[in-house]
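Chain IDs A, B, C, D, E, F, G and H follow the sequence of writing; residue 1 opens each chain.
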Amino acid sequence: MKGRIVIDQMLCKGCELCIAFCPKQLITLSDELNAAGYLPSSFNDRGDCNGCASCAVVCPEVAIEVYRE
Amino acid sequence: MKKIFSRPKSLKKAVFHYCPGCGHSIIHRIACEAIDELGIQEKAIGVPPPGCSVFAYYYFDVDMVESAHGRGAAVATGIKRAYPGAIVFTYQGDGDLSAIGTTETLHAANRGENITAIFINNAVYGMTGGQMAPTTMLGMKTTTSPYGRDDRFEGYPIKMSEILGQVRGTCYIERVAVNSPSNIRKARKAIKKAFQCQIDGLGYSLVEILSPCPTNWKKSPVEAWKWVGEVMAKEFPLGIIKDTTGKSDAD
Amino acid sequence: MLIKTVFSGFGGQGVLSMGLNLTHAAMLEGRYVTYLPAYGAEVRGGTANCTVSISDEEIASPVAYAPAFVVALNEPSMVRFQNKIQSGGVMFLNSDLIKEQPDRGDIEVVNIPANTIAEKMGNVKSANMVLLGAFVKKSNLVSLSSLIESLTVVLKGNQKLISFNKDALTVGYEFI
Amino acid sequence: MNKMLFTGNAAIGEAAVRAGCQCYFGYPITPQNELTEYMANNLSRRPGCTFIQAESEIAAINMVYGASVAGVRAMTSSSGPGISLKQEGISFLAACQLPAVIVNMSRGGPGLGSIAAAQSDYHQATHGGGHGDYRTIVLGPSSVQELADLTYRAFEMSDKYLIPVMILGDGMLGQMMEPVEFKYEAPEVLPVRADALRGAKGRPSRFVRTFTSNPSELEELNWSLFRRYQLLQKEEVSFENYLTQDARLIVTAFGIGARIAKGAIKQARGYGMKVGLFRPITLFPFPREQLKELAKTTSYFLDFEMNMGQMIDDVKLSLEGAGEVSFYGRPGGVIPTSTELLRVISRIYSQKGLG
Amino acid sequence: MNKMLFTGNAAIGEAAVRAGCQCYFGYPITPQNELTEYMANNLSRRPGCTFIQAESEIAAINMVYGASVAGVRAMTSSSGPGISLKQEGISFLAACQLPAVIVNMSRGGPGLGSIAAAQSDYHQATHGGGHGDYRTIVLGPSSVQELADLTYRAFEMSDKYLIPVMILGDGMLGQMMEPVEFKYEAPEVLPVRADALRGAKGRPSRFVRTFTSNPSELEELNWSLFRRYQLLQKEEVSFENYLTQDARLIVTAFGIGARIAKGAIKQARGYGMKVGLFRPITLFPFPREQLKELAKTTSYFLDFEMNMGQMIDDVKLSLEGAGEVSFYGRPGGVIPTSTELLRVISRIYSQKGLG
Amino acid sequence: MKKIFSRPKSLKKAVFHYCPGCGHSIIHRIACEAIDELGIQEKAIGVPPPGCSVFAYYYFDVDMVESAHGRGAAVATGIKRAYPGAIVFTYQGDGDLSAIGTTETLHAANRGENITAIFINNAVYGMTGGQMAPTTMLGMKTTTSPYGRDDRFEGYPIKMSEILGQVRGTCYIERVAVNSPSNIRKARKAIKKAFQCQIDGLGYSLVEILSPCPTNWKKSPVEAWKWVGEVMAKEFPLGIIKDTTGKSDAD
Amino acid sequence: MLIKTVFSGFGGQGVLSMGLNLTHAAMLEGRYVTYLPAYGAEVRGGTANCTVSISDEEIASPVAYAPAFVVALNEPSMVRFQNKIQSGGVMFLNSDLIKEQPDRGDIEVVNIPANTIAEKMGNVKSANMVLLGAFVKKSNLVSLSSLIESLTVVLKGNQKLISFNKDALTVGYEFI
Amino acid sequence: MKGRIVIDQMLCKGCELCIAFCPKQLITLSDELNAAGYLPSSFNDRGDCNGCASCAVVCPEVAIEVYRE
């Protein structure tokens, strides 16, 4: 199954939980502080996101939306 | 592609004031998911506590009323008795429910008040800066147990859910954790089931949720989430503690 | 003469220890001092700031409504305090983290690339001390030596930290 | 004549039921148990109503808080120690502008004290025994009939001003029986307050709270309360003037103490002494102007209380130095006699050369 | 110079330890947590000493009661809501004549309020928020040094008069740091009160109680307390006169408010206005005569408090109409500025034609 | 013939103010017998409650201090921590210990405070005139449950001893009754054992005593004593609930 | 004219219902009345007493320090209240239970063998009403008819009890 | 075994518990009220009291002393 996520950089607090729980290691921290002073995470779409939503489920900030075919 | 995961309807669009990796924000979200699934947003009245979640009403898009510290069960009792049409839930920390609120909680449970408690066990007093809670692990250092909690002086971690399981007015008590996708999904189910118990008029229901407090545990969010499973869940075993509904867990 | 300074930044950037050091140094120099950290429910690992008052006579209120000096370690702090700093005051910015400049014409702005300097010294964590060093040179509130003397007390004798911070202070001091 | 014999405690209960009180939450304590028991009999199984003997006074006041949030008329009652335990809850009620009626049938203090009648909780009631700048409306009845009437009025005022009301009685009023006439019938449908929390159906969700990280919000709350307190001072003060017209000495007393004072004054008049009584019925708002008024005709006052002297502060603050105020008090639950007070009156009367 | 930088909260803790405080029982609440934490660090494992984070403020005050009965120096601390919960316990301490030190680092109220500094618990502290006629000694420090000094004095006075002492600070004093010098060393052996209950060995058994079925016993207790309150008024009042000699307008303020007032007064003097400050340090006993004294040289007073006006009652009662008292206050945790107060001062100064 | 039964030494020679057939006076006597047998009269400090036994200090010839209602466990904690040399016991009614005092009791027990509780369960609030207690039987009429206690409104009789058995700080908990010579003797043994636990420093010990209240039960003393065995003991089974001493019951 | 009467005896002798009946009867006759029962911690099934005040004008205090009448149903009550009753007052004694006589010369004493009379009527429990009947006849405080009228209210319409007590009142009334 | 008891008539409140629990029915109520207004119990020594002390153990008023050979 193919999936895709969108991370709201403004909401993200850089807790790295999505990174830790993505089975495909598709998420990394960006190196630009956001307005709130956090390093937000970002999605690197290598095309193999399966839309499992683990990242979204663990995101404390509800910063991740998940799309699936 | 279609959106399969986004913010639940009854969760206001606001930035949480919680620390990065805090369990409260997860629990807010899954509670709102349960509320949406049961379609009770217009009936729900929440009673948040003093505690890190004191501002819960900035996030839950339901009627809410601030409670004095530890008195959530009494406040909820008053609301529910005055207006049984509401679905009334308390949201309480471990300091709130298992220290100062022990009496109100135990007796509301014993009366079988038809209310639901969401009980956040993060093993510390978060809001006030990480003091020892009744649920703090033995040996754990906090600002008020600087030498590590020692049962000879500070007593033992207290298991409120097991204690509440003893009184006959409780219908459903389960302990869950928010430290992994699967546990978070279980937690959502448990909260939903607790609300269902109230809808069915079965009495006092409670969901205890082991919840990470990275800030006061002095751990990174990821470490903190691990610690919930590896340390806390040993002292506070996950699972159903009491269930008189007869209904299976599946939903 | 009563002078108030605000230090502000994210939690973890060490703004409180900057203020504490300055306060302690001024005390050593026999001045009247007060130190007031911001505290609150909304501060959940978020921003932190503190106010240091230094005077030759008893200090009435430890609060600063119009500080003479502001040391900002991040952008939100700069934005917030540019509306409070008194006319003719001096604002110190960590230019590595603050791109914008305050839009007030009646204040002096001093930019210090504290992170860069600290990184060069091999410890970005001591960026706050670099700033503090620069701050005292410019503000002339206390001497570098009393600042350094204070380190031993404030850092409770942790030698490694002390020497680190000592160097950072000095470098910052000489940067101006 | 449809008067009935009621104990003061039962009279409050009956009046509350007739005022549409839907929820009562209480905890036993002498000398107010007859009220709790009356509510148990009358609300326990009444459709739509609730009686709970709470696990503590703290639970009780917080149940009242919850019921009030849900928009119904709710009441609790206690005495001395129990009222002290309710102070945090009362502060929360005041802060969240929730109506409620709290009854204190006071007894001798401090500590566990005695269960005899006393008036030593006046300060606690009128100056806010809880934390913060709030006040509660405080009513000081002196007969069983007045207990009944003021109970009804308490619910009305509390709803009107969104301020909790305390009825400050005492053990004797609670225990004694007098003929009483109830002037209202219980309503068919129980009232529900407009701003009640009953779920966000057909309207945006609401929340009730005081906690804020922005003090100026809290300041505004305090000012809005303060404005209402001033309004109360204008609109709601009540008091009784008894033989004050020609009085050269005026006794100030409230509640049961005022009854004893009346007895003494009758006797004093018998001996030709021109003595009168000023009895505040609303203890907060205190009838300041009305008392000050009396200082135009005499400047001698005797404050009499069954305590060490508490209302006397309000008496002096009202007179603003315009009168000379003596004091006679008996604390701890001792019930002074009219004759005893008469002696004090005559002494002062002659000392001040009023005869 | 052996001054150290301490937060107000920690300074109380250190001073208490040096005063021989053997037991601390507390419960977390902002803005006094540093005190609880200081005691955790210093008493938890110290031989013969005890620190307990109690399950509630009520448990804490009753543990203090127990420890005091056993004859040791004991302390608890809290803020607003927690202090309200302690009222029953404080009434019991007062009734049983047990020494104890209770700290209230007050915050904005009512209700959950705000955690910012406020002075709105003055009435509760000075008029006995609990039931009964008792009072506690109330001390109002305005600097970290004074916090330390008064903490020591609190233990001494409490033991001497067998009356609980409340230290009424505020969130700002508790959180801020100032240089402080501790004037005493912790005692080698901790003091034990003479009349302690430690088992009836070599003496008849004793009991400590207030409850009685004979009100006149309770009355006698009240009188004996009352006599001590009068003694306090004679022996223990302290206060500060600042630039009052030639003052045409005198500001009355206490605690942190008095500091802000001083700032304003300095500025006012700069503009040539003759303004002074009267600062009560003992809030109970209130320095009545000493304030009245000042009415000889001026009749214009401005009471300034970080609340809606509470101490002003004591100010007026002290002046007995001898002075005209204006008021300026900011409730809810708002910290007024000296400049803001200066404006009020100048307005009054010119209105009253004092210039 | 020699005297084989008379007033224990540490029981003052005073006429009890209790009603005829009241269990309190029996319990006072056997507690004093236990104190005498252990020779701890000079070390004992008792903490009686508001309740019918408020005047216990008129009878116990040991140091005593009045407690606020429900706070006995906290007061005893303060005494014992300040002066560990004392043998500290609370004497508490069921309203006192299992209603308003729930929090203090549970947490003192959880801390393993080295104190002893004598817990008088007479199923009512005696002193205040026979109101419902948390321990009142279902169906039982009291002045505040005039229609008979109904769990739907008033909840269930609460079993504090079983609940306290759950927390790790308790070392010995037994339920006894004073309704027959043999049960009274058992009760004396239990109290003695509880004191022994404290002497041995084992932690929190409690003896719950089912006790007749003829007046509020509206029964003759003899009927009331029967009722204890035939009705109360069914809801509150007699026997050891927790014992970590390892010592047998014989003495 | 204000008249205070104290009824006193053991709990269970029915002193409170005597007072209540008298109070109610006086209320029916349009007088001002107060009724004050004694309550207290020491009253544990022990003695009971109540004070009834009857007057033509508002009643100040419901307490009686020097009652005009005392009705004593047992010895302790007689002993206790003989020191309180006002000079010239009348004391009514249940002579079946009180052997001693009050040792005051300035009061009148009326002895009524209430138990004996009641037993004769076949119900010793109504001794209190016998006394009450005798009391009102002598004291003249209220009429027998209003007393009887009150019974129906006070006894909440329990016919059996009412007729019983009615007879007892009448017999007592006629005994004087 | 032979026994004997002494009942303090002043302390007795006539609760009849001793009467109910005496295995030998040796105790009865006297018909004279005592000063406190109770009908106290009294011991009828038929010589077969065995000094079992049941009466004393159940006496709430500690009104009974037991003697035994």
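Annotations
Everything that follows uses one rule, which is that a residue touches a chain if its C-beta (ideal position, glycine included) is under 8 Å from a C-beta of that chain, and two chains touch if they have at least 3 such contacts.
Because the structure is predicted, anything quoted here is derived from the model rather than measured.
If you take chain B and chain H together, the chains in touch with both are F.
Touch-path distance (fewest steps) from chain D to chain F is 1. Among the inter-chain contacts, the highest number of C-beta pairs connects D-E. Separation between the centroids of chain A and chain B, computed from CA atoms only, is 26 Å. Between chain C and chain F, the centres computed from C-alpha atoms are 62 Å apart.
Rounded to whole angstrom units, the spacing between the C-alpha centres of chain C and chain G is 86. If you average the Cα atoms of chain B and of chain D, the two centres end up 40 Å apart.
Annotation for chain C: residues 40-42 touch two or more other chains. Under the contact definition stated at the top, the residues of chain D that touch 2 or more other chains are 30, 55-56, 58, 81, 88, 92, 96, 111-112, 115-116, 209-211, 213, 335.
Among all residues of chain H, those that touch two or more other chains are 36. Taken in their complex, chain H has these residues touching chain G: 33, 35-37.
Residue ranges on chain F touching chain E, taken from their complex, read 41-45, 47, 50, 54-55, 57, 60-68, 71, 74-83, 85-87, 103-104, 106-107, 111.
For chain E in complex with chain F, the touching residues are 22-23, 25, 50, 52, 54-56, 58-60, 62-72, 74, 88-89, 92, 96, 196-202, 205-211.
The residues of chain C lying in touch with chain E in their complex are 20, 23-24, 27, 30, 33-37, 39-41, 58-63, 65. Of all residues in chain B, those touching chain E in their complex are 50, 54, 66, 68-70, 95, 99-100, 102, 125, 127-129, 131-132, 134, 143-147, 153-154.
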